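Shared between the two complexes below is subunit A, which has subunit B as its partner in the first and subunit C in the second.
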Partner chain A sequence: MPHATRPSTNESNFLLSALRENLRLDSRALDQYRPISLQFPSDPDVHGQTDVRIGKTRVICNISCEVITPYPDRKFDGVFTINCELSPLMGAGVEVGRPDQTEALLSRILDKSIRRSNALDTESLCIIAGQKCFHVRADLHVLDDDGGIFDACCLALVAALQHFRRPDYEVHGEQVTVFDVREREPVRLTLQHHPFCVTTSYYDAGTIMVQDATLLEEQCREGETVVSMNRHGEVCQIAKYGGVPVDALSMLSVVNQSWEKVTMMDALVREALLKDEREKDKGGRMKAELSAENERVMERPVG
Partner chain B sequence: MAAAMVLLPGEEIPTDRLPKPKKGKLTLGPGLQHTPPSIISATTAGSLQVDHRKAALWLEHAGGRYQPSVGDLVIAQIHHSSVETFSCALTPHTSFAILGQLAFEGVSKKTRPQLKAGDVVYARVSRASKWEDVEIECFNSATGKAEGMGQLKGGMVFDVRPAFARRLMMGTDKEGVSKGGVVVLEEVGGKVKFEVAVGRNGKVWVDSGSVRETVMIGHLLRGADEGGWDVEGQRKAVKKALRDV
Partner chain C sequence: MGPDISHHPLHGADGSVTFSSKLCSILAAANGPVEVQRRDELPEEAAVEVNIRPVSGVSGPRERWLESVVAAVLRSVLHLHMHPRTLIQVTLQITKAPSSTLKGAVQDVALLPSLINASFLALADGGLPLRNTVAAVLLAVVSTGEVREEPSEKELVGCKSLHGLAYNNHGDLLLSESAGGFDLAEWERIADQAEETCRAAMAPLDEDGVVMEGTTSSGPWLRQELTDKAQAAVAWREAT
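Let's look at the complex of A and B:
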């Protein structure tokens, strides 16, 4: 039967002495990320699916949406939910149906950094106030865990939200028509900003800081901070876990370092999205003609 | 020898590939299954290896989880200890192996080893069956000698694929050429002094006294394993790594 493994004393002692010499086991710098890869489905009609790899960590995110009745106390808002359940796929020691701490922390971090920071404008998901709205649902699956699942999940989610297209609709009085992908070009979601998470781990009573820790490094660390921010340097949330006290001034440098990483991630996502769009834009100029996104501004009858 | 034959699970081995033993007995290794009277089929995907002299055949495959079998040298991590035994983890996916507290060299009831949870030992699998717990021991029970086994102090344990660990342990043939096609450790050993223990459960323990050198060796091992370097590539990588250190 699979069981969770703790690193052996040899491993944790060696890791610590290596970190004291500014060395990491995979010969990275202390604040260096592993290579990040971002993939979208090859089918041009499928939107909102991302496959993110940071080193050996792998996360898949899928966005779906349906039309529902909005909550009675939030008539003008659509609904956005983030679903992440960890499965034994990600590593030994994870059991189905037994929620563990990582899972609770992960959904809390994602909730704080993406949902509560209003990255997705839920008002734009409303179709008819109090009657119809879109329910956007994000499903995250961690396929492999080699550390840094917070960063990977956040990156996958934000990239998937940018890649996703919801179906277009038309309202005539009380009548709502939701168009199929084949009838009308689907529409992008309105994202107000793109937050990313950066996790920093602490060792040796908080004196050594390491970014993008691997699984072994995560298991040996004494504390961690998760900073979510966007590329404009606006901090969405800061969470600190683990018992080790952290100097207030070093928090400032953590935030500054995180900003650098966030800028890097944002550029990476933007580039990947552009590349994906260019590759799938088979229609060329027809794409703009087919799109109904600017329809209200142009006030042109459809059809 | 003919080119290696690749088999998929369930495929039968053609009779002309089978060795022709004098005694009429074949020895089947891992990955093969005998269905009486005369069908031999593969149970996993891999390339067929035949030893005509020993009338043995087996499947060589790259991946998979480690399954203990008698005689394997493994690196085990103590999980907890009870009155007479230590329970040790071989991999996260196998149940705990039992290591007797007296299964060490020169140990009596009064001088039993004080191992704590998280300590690492080099041991040999002494009993492995489907129906009972795997047993390991840190000495040769026939001679009572440690033969290099026992607790591993200091150093670092690196994870590699079980197939790579097997290649590391294949040793060299008469001309001194590595049978497994891995020369990383030998090449580094020419320049740097270090101790090494290879466990069939996909773990390699390395201790060179210097953190920088141990990290380098771990890096080279991982590169040779995951990067699939050939002998020449390994030599080059070792030279480069030695220059950097």
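Let's look at the complex of A and C:
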């Protein structure tokens, strides 16, 4: 099967000598991100779909949910799964049906930073303990890879989870009624925090650190660390790949730098979500009045 | 008014297109000719591989079936003998699917014409040698017995039968998949209408850009797309 093209020796030497002079090929600062764009579907009834672009990298995320029986050993928890499979949309180098290393790392990183950091409260997905719960499923599709897919996927996933609405339900004894979107305003998911991934690449035995590397920069690097944290500075996971040794102090500075980026991403997502909500809020104040969480007005019998 | 098409949205794939019709939107990418795996290698022609990726969930038997149908159509469109012992890879990412409340067979047939159109445009964008032009159309017989072109989701719910047909520019039938109940006479009527629509989509234009033969509501959208693309590709030459 075809492989992704590797940069030539000249290309990588040029990139490295530029980096030694604090220059990047796209004239960014070493810790600067490419412009991030975040799009939601234009249809106001569609929730939980995001399209994230960081430079030329593009990822779409789709959240769906269904009602299932919970696992017998986890009766009080709903199920949350993240599914990411790379496809030849990224280029001919990807083989279908045979997960490669990037794909394995990607799903591991997302699992550690979002699922196992309890970003989504799975207990809130339980409907009747041991019988019914929601299965929230996140599908990530990487459309274009120009470096930084960890960061892009994490951002897309967190934004999609915040954008998603699950159907409302009502329990009467053993009877569960799940309401259609048209019957009752769907409900947001309970997110406990919003973790984001920041990847830092190392060059020259760890002396040069670069954030948001492009594909070419990624192919030339010696090692990387992926830090997942939320805007409060709580670190969810740190993963370090590649053979280059990194001393503890520089790790601390990486974490601090990542925090800065995470605050930036969090603000960006929040702003995009607010803007989306404002644009789609055609009902204005009526929306609050129509919310399913409001108390129901019981009509008094006549006479 | 034809479907909404944008060319080359992806950087990694050789050719790509986003195709949105009333019912669904599809992101198609074509790579090729690329190196082929030993077991798929054909000594005298290129192998065609189609991958369909649903919006949510992993692809199952339903996608496998759609893949086989699309691959058969593409095989009759591509000049396969020009690249023996290689692979032409088409990936179709569905980004918006018809509502899941529809019946299974109706859902599948409703997707097919868009899949064919999207993959054809992706192949054209990727610069792969093509034997002929193909256009696919979706026709529904609604409850009143009328035939609707490119029906809306509402019309699909109560339709009697649904037909996805594809014709090339010589008027050869390349695809016929139907769901629902109908008789032969009805199918023939539908096939005639489909042929007319497909040929109208790629009807040649005269010098002033006026359609020369046959007119329909959507106009010669496929011909227009390909002309625009070809013109954009040589724009640099005219500018200098």
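Note that the second predicted complex is superposed on the first by the 291 of 303 C-alpha atoms of A that agree within 3 Å, B and C clash if a C-alpha of one lies under 4 Å from a C-alpha of the other, contacts with A are read in each partner's own complex, and residues count from 1 in each chain.
Simple rule for what comes next: a residue touches a chain if its C-beta (ideal position, glycine included) is under 8 Å from a C-beta of that chain, and two chains touch if they have at least 3 such contacts.
Keep in mind that this is a model prediction, so the values were computed, not measured.
Aligning the two structures on subunit A places subunit B and subunit C in clashing positions. Judged by the touch definition given at the top, the superposed model places A:Thr69 against neither subunit B nor subunit C. After overlaying the two complexes on the shared chain, residue contacts for A:Glu11 are found with subunit B alone; subunit C is out of touch. Applying the stated contact rule after C-alpha superposition, one finds that A:Thr207 touches neither subunit B nor subunit C.
Of the two partner chains placed by superposition, only subunit B is touched by A:Glu21; subunit C is not. In the superposed model, A:Ala92 makes contact with both subunit B and subunit C.
Once the two complexes are overlaid on the shared chain, A:Ser253 sits clear of subunit B and of subunit C alike. Once the two complexes are overlaid on the shared chain, A:Gln32 sits clear of subunit B and of subunit C alike.
The clashing stretch of subunit B relative to subunit C, chosen from 20-28, 56-64 or 74-82, is 56-64 in the chain A superposition. In the superposition on chain A, subunit A positions 1-2, 91-92 are in contact with subunit B in one complex as well as with subunit C in the other. Residue ranges of subunit A in contact with subunit C, taken from their complex: 1-2, 56, 58, 60, 62-64, 83, 85, 87-92, 96, 137, 139, 141, 143-146. By the touch criterion given at the top, residues 77, 89, 92-93, 95, 116, 118-120, 152-157, 205, 211-212, 214-215, 218-219, 222 of subunit B touch subunit A in their complex. Every residue of subunit C that touches subunit A in the complex is listed here, in rising order: 9-14, 16, 27, 29, 31-32, 34-35, 37, 49, 51, 53, 55-58, 89, 91, 93, 95. Across the complex, subunit A meets subunit B through its residues 1-15, 17-18, 21, 23-27, 91-93.
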